[in-house]
Structure formats: C-alpha cells, structure tokens
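The following pair of complexes shares a single chain, chain A, combined with chain B in the former and chain C in the latter.
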Partner chain A sequence: MSTSTPPQKTLSRIAANRLQKELSEWQINPPAGFKHKVTDNLQRWIIEVHGAPGTLYSGELYQLQVDFPENYPMEAPQVIFIQSPPLHPHIYSNGHICLDILYDSWSPAMTVSSICISILSMLSSATQKARPPDNDRYVRNCRNGRSPKETRWWFHDDKV
Partner chain B sequence: MDSEDDMQDAWGGESDGNLSNENEEEDEEVSQSNEPDYGFDDFAADDDINPSSRLPQSNYTILSEADIRQRQDEAINTITNFLSVSKMEAGILLRHFKWSVSKVNDEWFADEESVRKCVGLTATRAENRRRSQTENLKCAICFEMHPLSRMKASPGCGHYFCETCWTGYIHTAINDGPGCLTLRCADPVCGSAIGEDMVLGLVVEEDRLKYKRYLLRSFVEDNRKAKWCPAPGCEYAVELGFVSGAGSYDVVCKCSHNFCWNCLEEAHRPVDCETVARWILKNSAESENMNWILANSKPCPKCKRPIEKNQGCMHITCTPPCKFEFCWLCLGAWTDHGERTGGFYACNRYEAAKQEGVYDEADRRRDMAKNSLERYTHYYERWATNESSRAKAFSDLIQMQAVHIEKLSDKQCQPVSQLKFVTEAWLQIVECRRVLKWTYAYGYYLPNHEHAKRHFFEYLQGEAEAGLERLHQCAEKDLQEFLEGDTWQNNFNDFRTKLAGLTSVTRTYFEKIVRALENGLQDVVQGQGAQGSHVAQGSRRR
Partner chain C sequence: MEPLFLPLNCDFTAYHVLLPMQGKEFSFSVHNIPRDKASLQHAMLECNEELRTILRGVEPVVQERLKQSYDLSTFVLELKDILERIVRTQPFVSLPTPAFYSQLCANLDSVGWEHLIWLSDELSSLHLRIFDSAGREHIVLVDLPPGFPEVAPTASANLPIPVDLRSLQGESLKDIILQYESAIETYQDFWDVMEDVDKRVWVMEPDHPSRADAFRRIALGGHCSLSIVVDPLSPRSVPECRFFGSDAVISPLRRRLNSGLRKWDRSRPLIANFEEVLEITFPSAQETDKEDMSADCGICYAYRAQDDALCSDVGTLQGSVPDRVCDNPNCARPFHNTCLLEWLRSITTTRQSFDVLFGHCPYCSHPIAVKSTHG
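And now, the complex of A and B:
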C-alpha cells in the first residue's frame, strides 16, 4: 500500500491560510466519529474513523490520509484509507475510495469535515462487507503509485 | 461526347470551395468545337435523362470564425426572442441542447421547470434578506471575513463568495477545459449556472481569451451539424445542410483540403465510409508486408538499373542509353500498353493477368494466405501508387500556378487568363487520381463470384485509367515542350484544344464511373453491352 507523499508542491499562501482556519474549526467542532491525529504537517492530515454504532463497521477503527494540493481548496484533496481499509463495495484494497465529491463533484466550499461526514454515511449505509467487483484489476493498474485522482471514476451507485 | 450538362452535373451545384468550378466558360468553348475522339466509349449515356440518377449532392457551408460568431449570435437572438430570456440564459440553453434552436424551443415549452433545473437556471434565490454594505460575511472558500462590498453574489442564485475566491474558482474551471462552459455555483448543493457575464467580468485577460475560445468552439464541437476541418492548422468548420439519398459526404474546405464530413478521412468517393475504414485497418494490419511496395525505386525491366519514379504518370522512360519505355505498375513494355496495339491498359486487371499466365500454375497451388496476400498486394500497390501520383500532381499543380503559368505566358505570348486550361487540367488530374485510388479499395472488396460486376468494374476502371493516363501525359510531357522551347510555337492552339478536350472528357468519364460505383454497379447489364462495343471500336483508336 502506498502512503508515500504524492509529487506535490507546497501549499500556496491562500491554501495554507484556509487550512489553518479549517483545522482550528475542526478542533473546536470535530465531526462525530472522527479524530485528527496531531502532526506538524499541515499538508497531510491523518484522521481516525470510528465505525458508527449500529452499522456493519460498529466498533472498528480505520485511518484516512488526506493530502492537500498546492491550490487547495480550488482542487480537491487526495483522500485514501491507509493500513487496512474497510471492506466496502466502494473502497478498494489499496485504500482508494470511489466517491464523487473527492473527484468530479468537488467544490471549494466543501471541507475535510464535509468529506468525513460523506465517507461515514457511505460506510453506514453498506449492507454487506465486500470489495468492489473490479478490485483486483483496478489495484493492479494502480501499482505504480497512481493517485486515485487520476482515475476516471464512474459513479454508479447513489445508495451506498 | 455528352452535353455540357454533364460537366455542370459533375461539378456544378456544390457550394463554396470547389476549385474546379471557376472556369466553365473555357470548357464550353472547347466542347462546342468539333471534338476529336479521345478514346472513351460512352456507356449508359442515356442515364442523364433520368433526373433521379443525378449525383447526390451534399449541401454544406464553410464557416470562418466570423461566420461561427454570427451564427451563434443569430441563434442566441432567436432564443432570446422566443423564450423571453436574457442572452446569457439563451447561451446556456443553446450550449446544453447542442446549438439546436428547435430543440431548445421544444424542450422549453414542453416543461420549462425541468429544463431550468437541468441547465441550472433556477429562479430560487439563496437568501432574500436585505444586507447592509458594511456587514461582514464569511467566505465559505477562503474562510476569511469580508465586508459585503468585497463579496460577490452569483446573479442566478445569490450565493456570496469573496471576489478573489470566485476568480480562483472560475480560473481553475477554465484551465480544466471546455467544462467551464457549464460551470455551476461554488456552493456544493446549489447547481445554479454561472454564465459568461459573470465569468468575463472577473477573470484576467488570458482566461478571458481561453473562455471565449471555448465559447466559439462549442458551436462546432457540441453541434451535430458542424465539424472542424481536420487539415492541420486549418481553422474553418464545415456545416452540413442535408444529404440527399445515399449521398456522399465529400466536402472541400476553403483551405483546399478535400475530406469526408462523416468519417473525416480524406474524400473517398465512390467508396463508402465503412469500406474506407476496413481498408485503412487492413493496410495497417498489412503494413509490414507492404513496406517494400512503397519503395519509389524499381529496377528497369530491361537493363536492371534502378529507376527512380519522379513524374506522376505511369509511363516511364529509362535513362539513356537504355531508353526503354515501360509501365511502372506492371513493368511491361509501354508498347504493349494500349493505344498502338488497340488493346487497353491491362495492368489494372489482376484477374486477367492471372488468366494470361503471368501468375502461373505454381502460384495457384500456394496456400490461401499467400494467395490472399498476393491479391491484396495487387490492389494495395495500385492504391498507393495512385496516391503518390495524386500527391505529386498536387505539388505540380502548385508549382504550375506559382511559376510555370507565368513562364508559359511569356514564351507563348499568351495572357495568363488564357492559360487557365492548364490549371484546370491539373486540378482534374488530382481529382481523378484520388477517385482512381479509391476504386482499388472498391475492387478489393468487390466479391469475386460476381463475375459480371467484376468484369464491368474492371472495364470501367481500365478505361478510366487509360483516359487519365492520356490526360496526365499531355499535361506533363506535351506541356514540357512549350515550356522548354525557345520561341513561340504555332501549334500551341492545338495543344490547348487537346488538353482542354482531354480534361473535359476525363471529367465526364470519371463522374460516370463514380456514379456507377456508387450505384453498386446496377448498370451491369448495360455495362456488358458497352464492353462488347468496346472490343469492336478498339481498333480505330489512335
């Protein structure tokens, strides 16, 4: 699994300002079920995800890695699961997540917090723990450390 | 010889860009004169009486950038009037419905509300309460507080963001590509369209130009009826009107590129797009085997020294002292080729060659794969040779226009306006080489078991080839004498009559062959008659 830093330029002044403010807001009012692990790296956030009670992932703990591009928030952050990603029909074994707001439907008025809420809702609505049907082929194609943002995603499911 | 209607039929009627159209008067002058026999036999000469056999003409218009802008403005004005919407809204609607005014109308009047929702022209405002200009608002993009005067609301929905963030948002979209034309409000759940007024009011000059470029391009790229000319660097678009019947899509751009509007390959009458696609695929599959064929050098069949083919026609004369005259295609002696012996060009006829034992019994026993490669090779070589002849003739034409016409005018004391018949001839050669080339793809896919059609086809092709060869030689070799001769030559008028006459009959003949092939050789019965009469007439040719 790739956790290496994507080839990325450092944050612009606007991006650093916005991230600083976003982090402060997070610390005052974090989304339920998420915990930001404190590091000194503003450009990469590691976030703990607690499976929501009463769902298939209840009591389980996962980790998200969020990398911010130079011109964040005009461009979406790269969000992947690291270590052992949850078994879910839209989450690949390499941690890539098939979720439209991370790619085509990103808007600069979205936040890490709103991403987290979407991911938790995606996990909570799952009715079975399984990998996407094309998991093996997709993961094989990503072997050279390709970013999920380079994938042409096809968002087919608005229920899970 | 047919009437002048034939020429009109063959070349008239198309809209802009048909280079051959310009000089009809001179042709008339020639065809009214006492015409010598140029060697074509009429086949199915009566079919001109029947108007349904007239050529299917595609009706098209070449659009410059200015024309495109004008059409966009016209469409926007129409929608603005019909729907009582702003120009900006009309633009958004037209881009969504691929610039079809009638589609916008139909959809709008069928269900205005769902159309509005779909394109992002919702009338609902985000917040209607009055704000004071000194009030501070938080921008949801940069997270900074700004006085209202520094904020900007999207006119469609009223969502506020600071000007810097709006500008950055639009800049990012423009640099992501033509998707910026359907940009929506930055609020994640809003979906209201951001029109060109807001975009152009905020961005820097560079982005402005890019956005305007995308606006222009959308008229062609989103439009089912328009396409860009595929010639490299050409900026014209071609808008198709209607295609009647099983019409051809061949169009001529103002840049002089001649292409098929439907498949964007070079013009390919008389074969259809599907055959062209199959042929191109076949060529790429066979390309390794075919490399040797493309070589422009072959040994002279007599003295074996390598001969470089540098002229367009197939009649080659080896360098002195050999001076052997032969046919580039079959390497046979030129004396066996036609006119003197009363036969006609046999080198186009693979089947005939096979029967005559050029491909002997041993060849027949070779395996199918070899056999089919050989068959393909026959057609491919002739296809490729005609293509390089076409390219050569085209550069000769350019050279003719740039240099030789002037020179000829001096030498023969003729005003340049009287020498149009030379350019006309070269234009005709270029066109004929193109048609002839595609007849070889046609022949390759013509089923072997359809003997009558095949014979008719080979007869037509043989005649076409022979006629074109005569024209090409006259335009190339005969002209050379007048260019090189030191003084005015009094037989120049004879040359004019001959070349203009050859041009005219060749044009007529090629139009007929194109029509016959496009009709799938339906006239095959008449054709067999024609072939019979050909044999009888053969001996009286020069």
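And now, the complex of A and C:
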C-alpha cells in the first residue's frame, strides 16, 4: 500500500543525532499502544499501532510508516498508514492522514512519540468508521505517488 | 640564485658546478665535454657522497638527461628539476651538529632526567614534568631548534597566562624549568579556587577544565547559568560574571549581584561568596537530576551545536551551547541560536525587522526573538 518514495537525501548530522536520542528515549519509555519495529534504518521507522481498548478500533492492529526529511526536526516527518489503513473520517484509503501537526502545525517541540499519541487519540475519538467524504477524489489525485506533505490540507474539523 | 660554473681546464672540457637550491649548495663536476659539438653524448658526471645519496635510484634518468642535453647549462636545469622533485617527496634531513647532542645531555643532567617524560624521535621536542607544592602535575613542552644550544629553545605549558621566558642563562633547559616553576607557584591560589569551584557546583563548561581555563559556566537550575572568568592573579576577587537564562530568573540575580558586592569576602571560597550575594544555593552535579536541568537544545536535543561546518574541523572548535532561552518562566527552554534561527526562518509566520527575527517558542508559543547575525 505504501506509495510514497522515501526522502532521497540522507539525514543531516543534526537530524541523525536527534533521531538517535528520540529512539533511545522511545526504547526506555515507548508510548502506550505502539511498538517500534526494529530495523537498521534510522530514516524510516515502521511502527505498530494497537487500537485502544474501549474504542471502535479496540483489538485492531495497524502499521505506520514514518519517513524523516534530511533537515528534521525543522521539517515534519512524513507519516502514513501502510498495508490496510484504519477506516476513519480523517484517514484516506491510501494511508494519508489529515492531521494538522503533520503539516502546518508541526514544531520541533514535537517528537515521533507525541505524533503517535496524537494519532491514537484521533482514532480513539472517532464515533463512526468511515472514509473521508472526498476519499475517492483525493486518492485519485495522489496516484502518481505524491507525498501527503504536498497536499494543501484544510483542517476543517477538529472534533474527530 | 644562479648556478656557478668553474672551468677545470684550459680546454673548457670539464667544469665544476655549484648548484644552490633550497638553502643548500650541491657541487658536482662534469667531464668530457666536447668543445666543438653541441652535445653531451660522452660527458661524465661526478658527484660527491651527499648528492649521490639523494640521487640513489634515479641514476639512469640522470644519465639519460645528460646524454640528451646539448650543453652544460641545459643539463644543470634538468638536474635541478630532478632534485626538486625528489625533495618535494622526501625533504632533506640535516642531522644536528655533535654539539647538539652533548649539550642536550648536559642540559638534561642538570635538569634531572626524572623530569623528562617524553622525547621525540628526532630529538626536536621534549616534555618535562614538574610537580608543584600542592602535588599537581605540570607538563612543560619544549621545542629544540636545530641550532640548539646557540639558538634558545621555546617552551609552553598549560597555564592561565603564558610564561614570557626571560633571556635564558647558562644551561637553557634548567633555566626554563626554574622560570616555569616560579610561574606555576604564582597560580597556586588560582588553582585552589578553581578546583574548589569544580568540586562544589555543576560546571557545564568547559567539559574538562584544564589548568589554563579561567572560565567556568555554572548551572543555576531552571535552564539558567552563570559564566565566570576568574583573574588568575587575583582569584579571590569578584570574577567577570555573565548570566544566561530567562529574564524573569536572571534579572533579580543580576540586581542582587550589583547591589550586594560589598558582602563579597575574599577570605571565603568563590562559591560561598556567590551564594551569599545572590541569595541562592547552587545545584550540585551529584544530586541534580540531569533531566530536570536539561540544558540540551530543545530543537536538536544536543548540548554542543552539531553544526557540520564546525564539526568538520575535528576537535579544535567546539560547537556553541544553547544560550538562547525562552523568556516564559514556565517554559524557559534553552535553544542554540543557530537552531532557533533555522526554525524561525523555515516557517512563514516569522516576522523580520532589520536583523532580528520575531516568532514563537516551538514549545510554549511565547514570543521569542533572535538575531540573524552573531555578535
């Protein structure tokens, strides 16, 4: 399902150093419901998400793919669901996620861990399992492997 | 300098040549030069031991060039070219005069061989060890010029103020040791004071203070720090002070320092004086939770800036420390100037007025400003 190509440029020294520290912090204190799949690739993290108990996604398992740009953390990582993305009004069937902190509201104060918590909270607050209303049109426009970071997002609904 | 050609006979069929090059003069002679024909086909080169050693291995090339040259000056130019190429890869090593060795031994005899802890292979530099009255070890680095003992050696050591060697008397190494010993004794009080500081408080900078460092950056807690520069000659007087951190925390400290200087008592340790004047207690490194005190930059998570340009210059330049702090006292996150600047430049909501960028703290959104040029 993964369509987007990872960023081509290798991590800068600053980015690699910061990611090392985020990774060791994650290993000591991982966010509840998430599991980092160990690889030797610091630039692409694959993370397992367990749907929180008592929510629509309870007992379900999803996978996130996090790709870091060369100048991380000045720029947000690209975060998408791979394989079968959860049915959610803010998650497109190609795995793209409509979440402001991944785009315009990114700040270097955030971490992979805080992104994961935001995504889980977004999943947990859903009241119905459905695709976004414009899913088909959006996914068609992304067929050439466009990154969600190139999308102009409208964050119209912050209730879900 | 031009080569000199000296005819060795009245027929001008043999010459002695003096070829100056890189402060040396090579001499050799060429025989069997025909008077009529413009060719050195049958000429013979005769050189001394020194030149022969240098040309070892390239004799066929020299022979070839000699045969192909049509007169002597052409050949001399060719030879010079060959020599220059050899010298570029293996510079001449000139051995010191016998006096050098005997004087070095005599000097070390009078200094005492127990002071010598290292000597370079070519005998051009050595390390002498001195213990001061408090038992601290000091190393004096001495460079012996090739002209030693006529040319005086130079020396250096890890001292807050470099020793300006007086003209050396008698056995120069002995005199160097005496001069350094007396210099080292004048800094005893300075080192006592600095060692006390290093023991009592959390020194953030330098990472491993050396005997020469009169500068310390001391953690105050809450992402604030005090940097001091102690006068090595008057270590117990008020040092040069500079506070780093959010204004809310450091403004009262600065005020208390300015108004409380009369409480400074030179008989007390430096840290005790600061605690009295600033009305604070310094957090100590042992009992402080590093996480709580985190001085790392909130953007790159490093303490020393990892600027690629800086780090390529291995070890000599250390990256800057995070000294730009969010003014919101509840946040007070420290940042590297460079990191904050890069972040503010990368977002569109930042405003710029002259060389100052105005934006918001990435953590608490409190307004934060940063100069786009250093200094």
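In this section, the second predicted complex is superposed on the first by the 156 of 160 C-alpha atoms of A that agree within 3 Å, B and C clash if a C-alpha of one lies under 4 Å from a C-alpha of the other, contacts with A are read in each partner's own complex, and residues count from 1 in each chain.
Simple rule for what comes next: a residue touches a chain if its C-beta (ideal position, glycine included) is under 8 Å from a C-beta of that chain, and two chains touch if they have at least 3 such contacts.
Here the structure is a predicted model, which means the values were calculated and not measured.
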Superposition on chain A - do chain B and chain C clash or fit: clash
Which superposed partner A:Thr55 touches (first chain B, second chain C, both, neither): neither
Which superposed partner A:Pro73 touches (first chain B, second chain C, both, neither): both
Contacts of A:Pro108 with chain B and chain C, given as first, second, both or neither: both
Which superposed partner A:Arg13 touches (first chain B, second chain C, both, neither): second
Candidates 6-14, 78-86, 276-284 or 366-374 of chain C: the single one with C-alpha clashes against chain B: 366-374
Shared chain A contacts, counted only where both chain B and chain C touch the same residue: 14, 17-18, 21-22, 71, 73-75, 107-109
Residues on chain A engaged by chain B in the complex (per definition of touch): 14, 17-18, 21-22, 25, 71, 73-75, 101, 105, 107-110, 114
Of chain A, residues touching chain C in the complex: 12-14, 17-18, 21-22, 71, 73-75, 107-109
Chain A-touching residues of chain B, taken from the complex the two chains share: 140-144, 161, 164-165, 168-169, 171-172, 186-188
Sites on chain C touched by chain A in the complex: 298-302, 306, 308, 311, 339, 342-343, 346, 362-363
